[in-house]
Amino acid sequence: MHTKPKVLVNGIGTIGKRVAHAIKLQDDIELVGIADKFPTATLKTVLEPIGPLYGTYLYGSDQEGYENLKKAGMWVNGTIEDLLRNGAIDVIIDCTPEGIGAINKKNIYEKYGVKVIFQGGEKADVAEVTFNSVYNYEEAIDKRYVRVPSCNTTSLIRTLSAIERKVGIDYVFVALARRAVDPHEYKKGPINAVEFDRHVPSHHSIDVKTVMKNLNIFSLAVKVPSTLAHTHMIDVVVERETSYDEVLKAFEEQTRVIFLDANEYPATSVIIEKFRDYCRSRYDMYEVVVLRDLVNVEKNRIRYVQVVHQEAIVVPENIDAIRAITGIEKDKWKSIKKTNESLGILK
Amino acid sequence: MHTKPKVLVNGIGTIGKRVAHAIKLQDDIELVGIADKFPTATLKTVLEPIGPLYGTYLYGSDQEGYENLKKAGMWVNGTIEDLLRNGAIDVIIDCTPEGIGAINKKNIYEKYGVKVIFQGGEKADVAEVTFNSVYNYEEAIDKRYVRVPSCNTTSLIRTLSAIERKVGIDYVFVALARRAVDPHEYKKGPINAVEFDRHVPSHHSIDVKTVMKNLNIFSLAVKVPSTLAHTHMIDVVVERETSYDEVLKAFEEQTRVIFLDANEYPATSVIIEKFRDYCRSRYDMYEVVVLRDLVNVEKNRIRYVQVVHQEAIVVPENIDAIRAITGIEKDKWKSIKKTNESLGILK
Amino acid sequence: MHTKPKVLVNGIGTIGKRVAHAIKLQDDIELVGIADKFPTATLKTVLEPIGPLYGTYLYGSDQEGYENLKKAGMWVNGTIEDLLRNGAIDVIIDCTPEGIGAINKKNIYEKYGVKVIFQGGEKADVAEVTFNSVYNYEEAIDKRYVRVPSCNTTSLIRTLSAIERKVGIDYVFVALARRAVDPHEYKKGPINAVEFDRHVPSHHSIDVKTVMKNLNIFSLAVKVPSTLAHTHMIDVVVERETSYDEVLKAFEEQTRVIFLDANEYPATSVIIEKFRDYCRSRYDMYEVVVLRDLVNVEKNRIRYVQVVHQEAIVVPENIDAIRAITGIEKDKWKSIKKTNESLGILK
Amino acid sequence: MHTKPKVLVNGIGTIGKRVAHAIKLQDDIELVGIADKFPTATLKTVLEPIGPLYGTYLYGSDQEGYENLKKAGMWVNGTIEDLLRNGAIDVIIDCTPEGIGAINKKNIYEKYGVKVIFQGGEKADVAEVTFNSVYNYEEAIDKRYVRVPSCNTTSLIRTLSAIERKVGIDYVFVALARRAVDPHEYKKGPINAVEFDRHVPSHHSIDVKTVMKNLNIFSLAVKVPSTLAHTHMIDVVVERETSYDEVLKAFEEQTRVIFLDANEYPATSVIIEKFRDYCRSRYDMYEVVVLRDLVNVEKNRIRYVQVVHQEAIVVPENIDAIRAITGIEKDKWKSIKKTNESLGILK
């Protein structure tokens, strides 16, 4: 019988604060601490008596982080390396800003036996496997370094792998209307413009291929002045003629993919309000929403529109990744079920 | 000993859904039902098994509403009048759209003995008392019709009455940068403009005077392209010289007024994120936020900036108003304390 | 030798005010008047001594319009029908709101011999030909009713017909991130949401086919909270392998299509600022902008991103349509050249 | 008789490009060149054959600027210092980014006899006089260093000095809802937030006092997610009872202050559209707009709302400042009249 793996989350930002909270809801994983470099408003809030991480041990991401937190009057218990030296951590979820994970790996993680789960801000080669719960859970089992790709990538893999399994895919074109920033942000724009992604293809299709290695996919992207969710407009050529019903069945059978009708939910704001109405913590929407009445199927072409809550969608994949990387659960469906139930995921 | 008053919420929109949820959290008040006219996405969501009002009895606001809900396949138990005829409701919280409350009063409520709490969208003369928990709770006791004014009015009364009590007020000028629409909205703008309130003074100062009857106050307002919160910039002439410390003490002693520093919370989005981080349901911020480091006091002048979450701030006042109007609690401080604890209000 | 055709513009809104101004810049077309139904701020402004239509005769769109304008103290010279009865108009450019053009046709235009150019808000069957200057100018010659399609359609035809001519097209997928409203608008949103076009395909691809009748094209669209320009992300399968250079040449050779680099113009706001910097009237951008460095060509696939100024792009097509419908210029290239020079179109 | 003063504009950004263009429209001032440090898109555009500064001599702001422009393939004629060494410049309008003007003064301008006009981004002590055309033109005559304050300051001085002249001012409170960024901007936000100005009072009232030295004024400010114009809500205590008519007369008599009715122009976007409809270059609105129907006068209190086009409003003051600083026109009214006519200013 396994003892619970001891997990630390490094970096309490948009993803880190959610993953740490989600770990606390698991009965087979232990949150031994959180770490950060700066005493941000968010860090202080989640540790307040009414915050979701109240009572969690706090560490400095490094010595400088330790000093920063200490200076701010926070109760800080040492650094990550203090814990690592004592073998007190089995897995680190690195949720530090883009590119810092790779530096942490080199400077800290590699010196110890700890396993690490990186996020999509890191390049794929930071890890042995880029991970998606339904697609390649098995590949991550007992690995040392695993990477959970970004929100856009994770959501595309969910719906595209459902299609691929059912009818095979020849070609995918994705146009992304990305939310420009997260809701708390106030410094970055645009206020009244659409910004072009200057990479062609945009990194999204490239990133999907780090998981679905043989997929023929191309993406273009723009940033739009909204904070709530990404919207994907997708055109897929499949290997044989299919039908609306068959495609809907493919999505229906896929976990963490749900349907809403654009007729009733005509904008991203109305979708997000549904999750506020559910009283989900932080209105987190872990599920990809496929707009059922916008799915179009003609012979071997499928077009659909999906909506992705950029802040939350990778949280369940991170939890599953802990089970895979530690080997405490080798059956992906058992892990997915456990994660889904703990987070109230609809299906 | 009182039996619990039986309360129905009519109109499950932005305010109604919150008040109904808040009533469910009270141990001395019973939610006998909710009513609406249309099968909106919100209505369906809050009644889903994972919604906060699951299991609540649903009624049509009127016969037409009953038909609408029925046609949508919802489980609807009759109309409000069916309940009123049976004397099954003590208090209705009318949260219907602006102006409908007065029509409901004339067409329905007046025919029965029911007590009613209206919202700020109705004109003041719909009720005997316009209500604020700390300012005039006593006046509402055992009344039949009470009105809870709008979010802007409620929040201004909270901070201004704190100042008035401490040092007296000669004159108040308020400039409001109002959020244009609520977060779920997608049809209304402006997208890239500031819209002028064409009433001079704007209705806000007039509405404050329905409660603080002798206050010399004037307001101007604009709508800005944001969905999160109202921001008030306030200039007050008080009756005698005062000091920064004395003014802060006045705010400190007032319930449902909290401090944050603009230095750490430099925008409405960062303030709202704090309440997402707390995992407050729907990130509801019932408290007015006074930006502590922006309070300025010179002789007999006080300037300050406050932030108001338009969706949530009147919820505690509605709960207190139920206790007042029914007379189940004649001590305002006891009601305020009960409400605050049930909703997790910070102070 | 032709005398100048006498043209009246009915409806001085976003399109009408521009077309009327553009007509004044032609030496072979006469603006005999403008007509409207309401004394809007725009109508009054363009007729002020410093406005671009100062001195133009004003008419009521109908009797009610006449009364409205008169009551507002404007100098109004009768109704459109007064002019039509006297044979004083050869061509009406109908720029009235969506759907009104068809009503005008039935109630007014059909009773007289007048020729009419409708806009894209009308259904295609309002006219004999849906018009694009380079694609089917000849078809419109001497017709009675012609329709200039919308900004999105016009711009897609410009670039797609350039590709078609060069290498043939098998299939086109277009994803549109539409500006939600025009810059002057303040009532409509969304402020912070992406709204889905609930038609699948969206009307844009259907409308392109009213001109390019055999094109295999499919479009999906969303509205984004910006007022400046539409952005199209396009994936084309062409009939044979092609190259980046060949595709650029196709665009280069097409009139009213220009290149900018996303590297220097990374957002719609920077593109629009260029036309403010040129001091173009109302910063009108009549040209479609193809982002040169975002064009991608692989074998028989072309992907590109284009930007469309929704307020201005159909103006040159309207001017050309006058020449075609009246037959005063049967050579499309001569008309295009004349129009381009009069409006300062870059190429 | 004076020869024309030779003027160079250093920094071709939002203000610089407008001032350079405006100088070209004066018959008593000569634009000898423009200078910049980087080959921005704007710089290239205004120098294109169809740009408003085509043919103007271009210089590097310094040696590094010269190299940058040269490397970009631009036709650059040397540096500012090359010109200064030859005595070829009488006045430099420094429109470089905030704080750079002071550095330029120390490093370059002080070494030569050149006169300099700085902008509001510089601290007041960079110059001998902070300048406003109607308020203190005379003070700037024959000075060496003059500063034109920011758009907010300039516009406040225009309307407040009109009131002061008529009835005297005891106290002013200004609440500013500032446009967050200029229209071309795409990197900076906020997208969906109101940002607080963390200075109390905000710098605006302090800056007004650099011109109206004895004015008792206090300001609070927020940034809102719009790009078009600043909106000021103002409460003034005057020295004696006054009337609506008298206040309107005061504004009416003031140059560069115009009236519009909020009833017809209910939002900043509709006001800006008026100036697009006029076909003003870049829709520049040099005039402060006072919303006539929002002016409120009660005894000795005046409240009003004004709208300020942040990009353009200081342009006429810069032109007047050239005449003052060089002494070519000692009568301010003659300079104002000349500037107004050249720019098409309404009154």
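Letters A, B, C and D name the chains as they come in the text, with residue numbers starting at 1 for each one.
The definition used in the following text is that contacts are C-beta pairs under 8 Å (C-beta built on N, C-alpha and C of every residue); 3 or more make two chains touch, one makes a residue touch a chain.
Note that the structure is predicted; figures quoted are calculated from it, not measured.
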{"item": "Any chain that touches chain C and chain A", "value": "B, D"}
{"item": "Furthest chain, CA centroid comparison against chain D", "value": "A"}
{"item": "More contacts between chains, A-D or B-D", "value": "B-D"}
{"item": "Averaged-CA centre spacing for the pair chain B and chain A, given as whole angstrom", "value": "36"}
{"item": "Intercentroid distance (Cα basis), chain D paired with chain A, Å", "value": "48"}
{"item": "Where chain B and chain D are represented by their mean Cα positions, the distance between them in whole Å", "value": "43"}
{"item": "Residues of chain A engaged with two or more neighbouring chains", "value": "183, 185-186, 190-193, 195, 225-227, 266-267, 269-270"}
{"item": "Contacting residues of chain B [partner chain D, same complex]", "value": "173, 175, 177, 179, 190, 192-196, 198, 200-201, 218, 220-222, 224-229, 231, 233, 235, 262-263, 266-270, 291, 293-296, 301, 303, 305"}
{"item": "Residues of chain C touching chain D in the complex", "value": "17, 21, 41-42, 45-46, 48, 50-52, 183-186, 191-192, 227, 264-267, 269-270, 272-274, 276-279, 281-283, 344, 346"}
{"item": "Contact set on chain B toward chain C in their complex", "value": "180-181, 183, 185-193, 195, 225-227"}
